[in-house]
Structures are given as structure tokens and as C-alpha cells.
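Common to both upcoming complexes is chain A, partnered first by chain B, then by chain C.
Up next is the complex of A and B:
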């Protein structure tokens, strides 16, 4: 069965909450779909974004059993970065996961 | 041969114990006797000065006697310890060996058909009637770089050493500059050399206790294993006066733990490269990884953070590689990165090719490894760079945990610890847990070089 959006969102929010605790960034503790991840007035600096992405990739691999590469050249060159907000990041991750799942089924 | 300084020296030491090989020990008289017998056997086989000999051996009476008998014949020796036939063949070919000598047990001498004319360096050594030594670069895959030393130059610094009563344990390999340096130093001073039956920490510790070993040359990786094994608590190591360490950076946290475990042992850092030989150094103290070069035969300078050296005992050149790491003035670019401290002391921080470039900021694996090793949960670790779409590269770590634990919790704990000690870009982004060894047979960390894209 294909992974649904809710599962991915939960992984992302859990990761952000944990990072919020570890990095003492209170805005991450209350993160939701509208939280800005990266860019102007965002919660994460570039090193924290790198850590966030690696953590999400690992959790997706462990919990869903699919290996994705969130930070790839394609994502970096998109006009609207998928890492601007939690919502766009969730959509982007879900697309990659579903693509892998379809490839595995085919 | 009998008029060489080293043969005379071994003759003077006749009654002293030379080698303890497992349960058997030999004195220096047994050594000179064996060298003479082998010298005669080589001559009888038609082996001549200037011939290139692939020598399969080890730190045994036979292996050491064969090495010196070949030096006495002014042959050019390529010691080989590789066990796989393909690796051995690669080395024999790189050296352009004309003879294969096996000296593990019974001596065996076989000619090998020459495939090409001898290299210029070989011709030059033959003309000057100097013995030679061919060493191979370790670590990299593919054809090893074969470098050639003039043995007269390599042995010269030992000729002035005075006799001492030292007992040295050797477990470094027979084809390695550090191991050979320890051997030459020991033999020049009439030391008793102990070769343990294996390189297992408990076997080494037992050998130290039994033979009252005073000097242990080792790598930081081995010393970490040694502490982890608990051998230091189980055996009486009070005879151990000196531990010398080198070949890779020593993590500060590990040095501290060794000092706690062995408070009466002096911890001394050594430095050398296969290309320039071993350089005499002074460690600031047993608790310090700062060293100062103190060697009349070696000059050094620091260029763009990298250590450059020029020594009287450096190689003539490579047999199968260009001299790209040597300047026209004869400086060898070691690839080792150093930081200058006060009073001429230096700190070796890592290898240039292992440096991790995180968005323009440079990270040396050793400083991250030192912080990781502070944690009681971490038994061993290996830090390297991996490609990253955002920062070019990021720091990654392989960790051998001390005990079974929840990987997710442990990962978080490790990152928290690192964040307290290191700048954010130095904190490992990716952590993987492994239980297999992350070092090679030389007890040196096998770091995956950072990829450049």
C-alpha cells in the first residue's frame, strides 16, 4: 500500500520537535505545516537544514523502508524550493517515496 | 660484508639476546651465523650486487638474517608481506624483481625472468655498490607505488647509536618504514627484540609481562584496542617505560586515557614517511600531541598548512611513478596537515586528502574522532566526508558502540555531545553503527577518502 501524506508529515514533525529540543530552538517545538524551514525568517540555518534532511531520510528508510535522497540536485535547482515550508517539504518527500514504491511494484 | 659497521656491531653483541620469537630466543651470535650462512647461499645461487630481490619474510631470525645478508651482498631488497598471490605479483612486478627469496621457514631462492631493463635508480645503486630497499605505498588500491631507498643513507643515522639495554616489542609489519626503523634502531643498540605470537592485545600484554618489555611502538588504533581489551588490568605492565605512537593522528582523549591507565609510562610521538624515513622528534610531554623535529638529517617547512620535508635518508625516487610529490629542490610534500604551536612545536592534524570541506569550512577527521572517543558509549569510530547537495560535503561517522543500545537514542546522544564540543559544521550529520573492524592489518584507520565531484 502506498505511503500516505499523514505518515510523512508525522516523520517530519517528529524530526523537527527533536531538533528543537536538541538545538534549543523553541519555534521548532510547535512546528506545523506552515512552519518555514529554510529561507528568510526561517527556523533552520543551512547546517541545521542539512541535519534535518539527513534525519528525515534516515527515518523514512527505517520506518517506511524506502531510500530517498531529499537533497538532490533536482531539488536544489527547483524554482520553488521544497524546503521553504513543512508542507512543501512533506509533498516533495511523499512524491519521492511514492515514486520509489511504484518502481518497486513494477 | 664483515667490514660493515652493522655486522661488526652484531658481532660485538654476540652474547646478548637478540630475538624472542614465540618460545624460542636467539642471541646476536646466532644472528651473525645465520647472516653468513644465507650470504653464502645467495652467492652460491648466483645472486649478485645490484640484483633486485623480492623477499617474503617476517620478523623472525630467518627473515631478519635474509634482509641483512642481502644488504651485505649489496642487493636491492623489496620486503613483501602481502598474503594474496595477486598482491604479491603486483609488488614483484612493480619492483622489477629478478629473484624471489622466501625466508619464512626454509630458505628458498628462485630467479624470476626479467621483463624489462633495470631502472636507472637500480643501475645507479649497482654502480655505487650500495644496497637498496624498495618499499611500497600502502592503503590505496591498484598498483602500489614502489619507492627505492639507498640503504647506506637509511642506516647511516644508526651507526652512531650507543649500546643500550632495551627490550622492544615489535608487531609492526616487516615491509613498513616504521617497523624497519624500530628494528634497525634496536639492532644498532643491541636490544632484545620480542615478537609476539600474534597481534592480539592479550598476547601482546602477556609478552610485555613475560619479557619485561620496556618499549612498545604502536599505532593509536592499536592502543585504543589495547585499552578496550582490558589487557592492561590483567597483566603486569610495570616494565613498560615507553610507548611510541605514530602513523596516524593521536586523539587527545585517547592519549589521556592511556596516561590514566599507564601513569608511569612515557608516551612519545614518532614521525616518519616511507619517502623520507623516520625523523627524530621530541614530544612536549606524555600528555601532549605536540612535537618538535629534532634531527640533524632532516629539514622541514610548512607550506599552506602542509608539512614539507627534506632528509638525507629520503628515497632516490619511485620506480613506477612520477615525482609529483617532490619539488625540484627535493622537498617532499608529505600531505600531512600541521598547526604551529609555541616554541617550534607542531601538531599533526590529519591528511590533506582526508580533509572534509563543508561549505568552505575545513574539518579534520581526527578532531571529530577525538571528541567522539570521549564518550564512554563509543568504543571506536571513523570519521569521513560524504557528498552533500547543500554543503558540498558533510561529516559522517562510523561508530563501534560499546554495548547494545537503541540506535536512535544513541545517535541523538552522540550528536548532542558533539554539539557541545564542536562547531555545528563539524558535527557528524550521518552516523552509522558498525560492529566490524574499521582498521586495516596495520592497525591504522581505513578512511574512505572524501569524494570530490
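Up next is the complex of A and C:
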């Protein structure tokens, strides 16, 4: 069965909540779909964005059983980065996951 | 549980020796090569993986975490060489040498580095060669690839220091393995004479450096390349 958006959103929000606790960043404890992941209005600095991406990749691998690379060539060249908000990151990760799942079924 | 080391290129040569060496010390070792290995040990797992295949490397590193545990040490040993005059070096040689030596090192470093960063740190040991500092004639592409490995080593050391990950490199002298089997004897003797200690290196010499970089006490050593044989 294909992974749904809710599962991916949950992984991303859990990751942000735990980072918020570890880094003592209260903005991340209440993260939702509109939370910004990078830029001047994000609570994450560049290093923490790296940590976030690595953690999400690992959780997707462990919880869903699919190996994806979030920071791939497409993500880095897209005009509107998928990492600007939680919602766009969720959609992007879901696209990659579903693509891998379809490839595995074929 | 014992610490886990991932070693690339364990089917033969230095990689095989290092796998046995760390297993004897009680490490859990995961090795990889393009072909199957006949190394059998209760604490050894082998993956048939081409280190230049990004998807395969990602899948292997994550499978190791899921099924064995988080990697603490990465020994980026897999490498290839080719001797040729630079004017006669085909692009195919460039692609093969840089893919295996540079791309392979980078992919493993990136994926294992991510894992180490989430699990309290680790050790990464890359492989350079004295071919780079000696600017060996006939090895322009190989030496250039190893210069790249050293550059990645120094920069990665800075970027990963905050995670408790050290990144260092070893620059071996010629060792009597398959890598140098096609080098003429006279050329090899001339090369050995350029070393401070003019003899072939051994796998034990390399293992000694690996031990040093992996020690807990070496947490303050990063971004370094140790050349064997007294080459500077």
C-alpha cells in the first residue's frame, strides 16, 4: 500500500519537535505545515537544516522502509525549494517515497 | 555490543587485511566490494555494492543501521589505479579512477557521516597515496584523484567536527597487492628510492595508522593525512 501524506507529515513534525527539544527552540515544538524550514524567518540555521534532512531520511528509511535522498539534484535546482515550508517538504518527500514504491512494485 | 566498522573494498588486498584486523580486535565489520567475498566470520557481513552507485550505497548504509546497528567507523579503502603517460591517458581511465576513488569516497563519507552525526560521532579514514605528494610520473590521473580525496578529507573534517566525527587519510607507499602488479620492477625500485625508508609498505603498516585514527584518544586528530615511508 502506498504511503500517504499523513504518515510523512507525522515523521517531519516529530523530527522538528525532537530537534526543538534538543536545541531548545520553542518555535519547533509547535511546528505545523506552515512552519518555515529555512530563510530569515526559520528557527533552523543551516547546520540544523542539515540535521533535519538527515534525520528525516533516516526515519523514512526505518519507518516506511524506503530509501530516499531529500537533498538530491532536483531539490537543489527547483525554482521553489521544497525545503521552504513543512507542507512543501512533506509533498516533496511523499513524491520521492511514492516513486520508489512504484519502482519496487514494477 | 561491539562497534561497527564499514570497510569498502574488502574482497582482497588492504581492505581484506583491515577487515580481518578489526575483526580480531572485536569489531563488527561490514565490508563491500563489487563481487562476493569468501571472508567468513560471525561478526562479518558482506555487501556486493559498487561504491560509485549512489542508490546502492544509500541502501547499504541504511540497511546496516537497520539490521546491524549504527556505523562508528568508515574505512574508505576501495580504489583503483592506472599507469599511463598523460598524453596517452584515455578519458575512460579518468572516469574509472575518479568515479571509484573520489565519487566512491564522497558517497560513503556523506551517507555514513549522516548516520554518525545522529549517533554521537565516529571516525572516517580515507585513502590517499604517496603518488600525490611525489607527483609520480605515469600516475597523473591517480595522483590527481588522491589529491581530491585529501581535499575532501580536510574540508569534511571541518564540516563534521561539530558532530564528533574525525576525518583523516592515510597515504600508503606501494604495497605488494594487485594494484601495482603491472608496474615494471625498475619503475617500482626507482619509486621506493624516493621514500625516506625505501621498502615496500605492508598491510600491517596501514593497519597501524588505522588503529591510531580509530582510537578514542585520537578524538583531537582530524583533517590529517599520514604518509607512510617517510614521504612528506
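Basically, the second predicted complex is superposed on the first by the 106 of 106 C-alpha atoms of A that agree within 3 Å, B and C clash if a C-alpha of one lies under 4 Å from a C-alpha of the other, contacts with A are read in each partner's own complex, and residues count from 1 in each chain.
Rule of thumb we're sticking to: a residue touches a chain if its C-beta (ideal position, glycine included) is under 8 Å from a C-beta of that chain, and two chains touch if they have at least 3 such contacts.
The shown structure was predicted, so the numbers you read here are calculated from the model rather than taken from an experiment.
Looking at the overlay, does A:4 come into contact with chain B only (first), chain C only (second), both, or neither?
neither
Between chain B (first) and chain C (second), which does A:47 come into contact with in this model arrangement: first, second, both, or neither?
A:47 sits against chain B and chain C alike.
Tell me the contact category for A:102 with respect to chain B and chain C: first, second, both or neither.
In the superposition, A:102 touches no partner, neither chain B nor chain C.
Using the touch criterion from the header, give the chain among chain B and chain C with more contacted residues in chain A.
Touching more of chain A: B.
Figure out whether A:30 sits in contact with chain B (first) or chain C (second), or with both, or with neither.
In the superposed model, A:30 contacts neither chain B nor chain C.
Taking the superposition on A as described, I'd like to know which of chain B and chain C A:67 touches: first, second, both or neither.
second
Looking at chain A, which of its residues have contacts with both chain B and chain C?
Overlap of chain B and chain C footprints on chain A: residues 47, 51, 54, 58, 69.
Given the complex with chain A, which residues does chain B contribute to the contact?
358-359, 388-391, 394, 412, 415-416, 419, 424-425, 427, 429-430
Could you please specify the touching residues of chain C with respect to chain A in the complex?
54-55, 58-59, 62, 65-66, 114-115, 117-118, 162
Which part of chain A faces chain B closely enough to touch in the complex?
Within the complex, chain A touches chain B at residues 18, 22-23, 45-51, 53-54, 58, 69, 71-73, 75-76.
Contact residues on chain A for chain C in the complex?
Residues of chain A touching chain C: 47, 51, 54-55, 57-58, 61-62, 67, 69.
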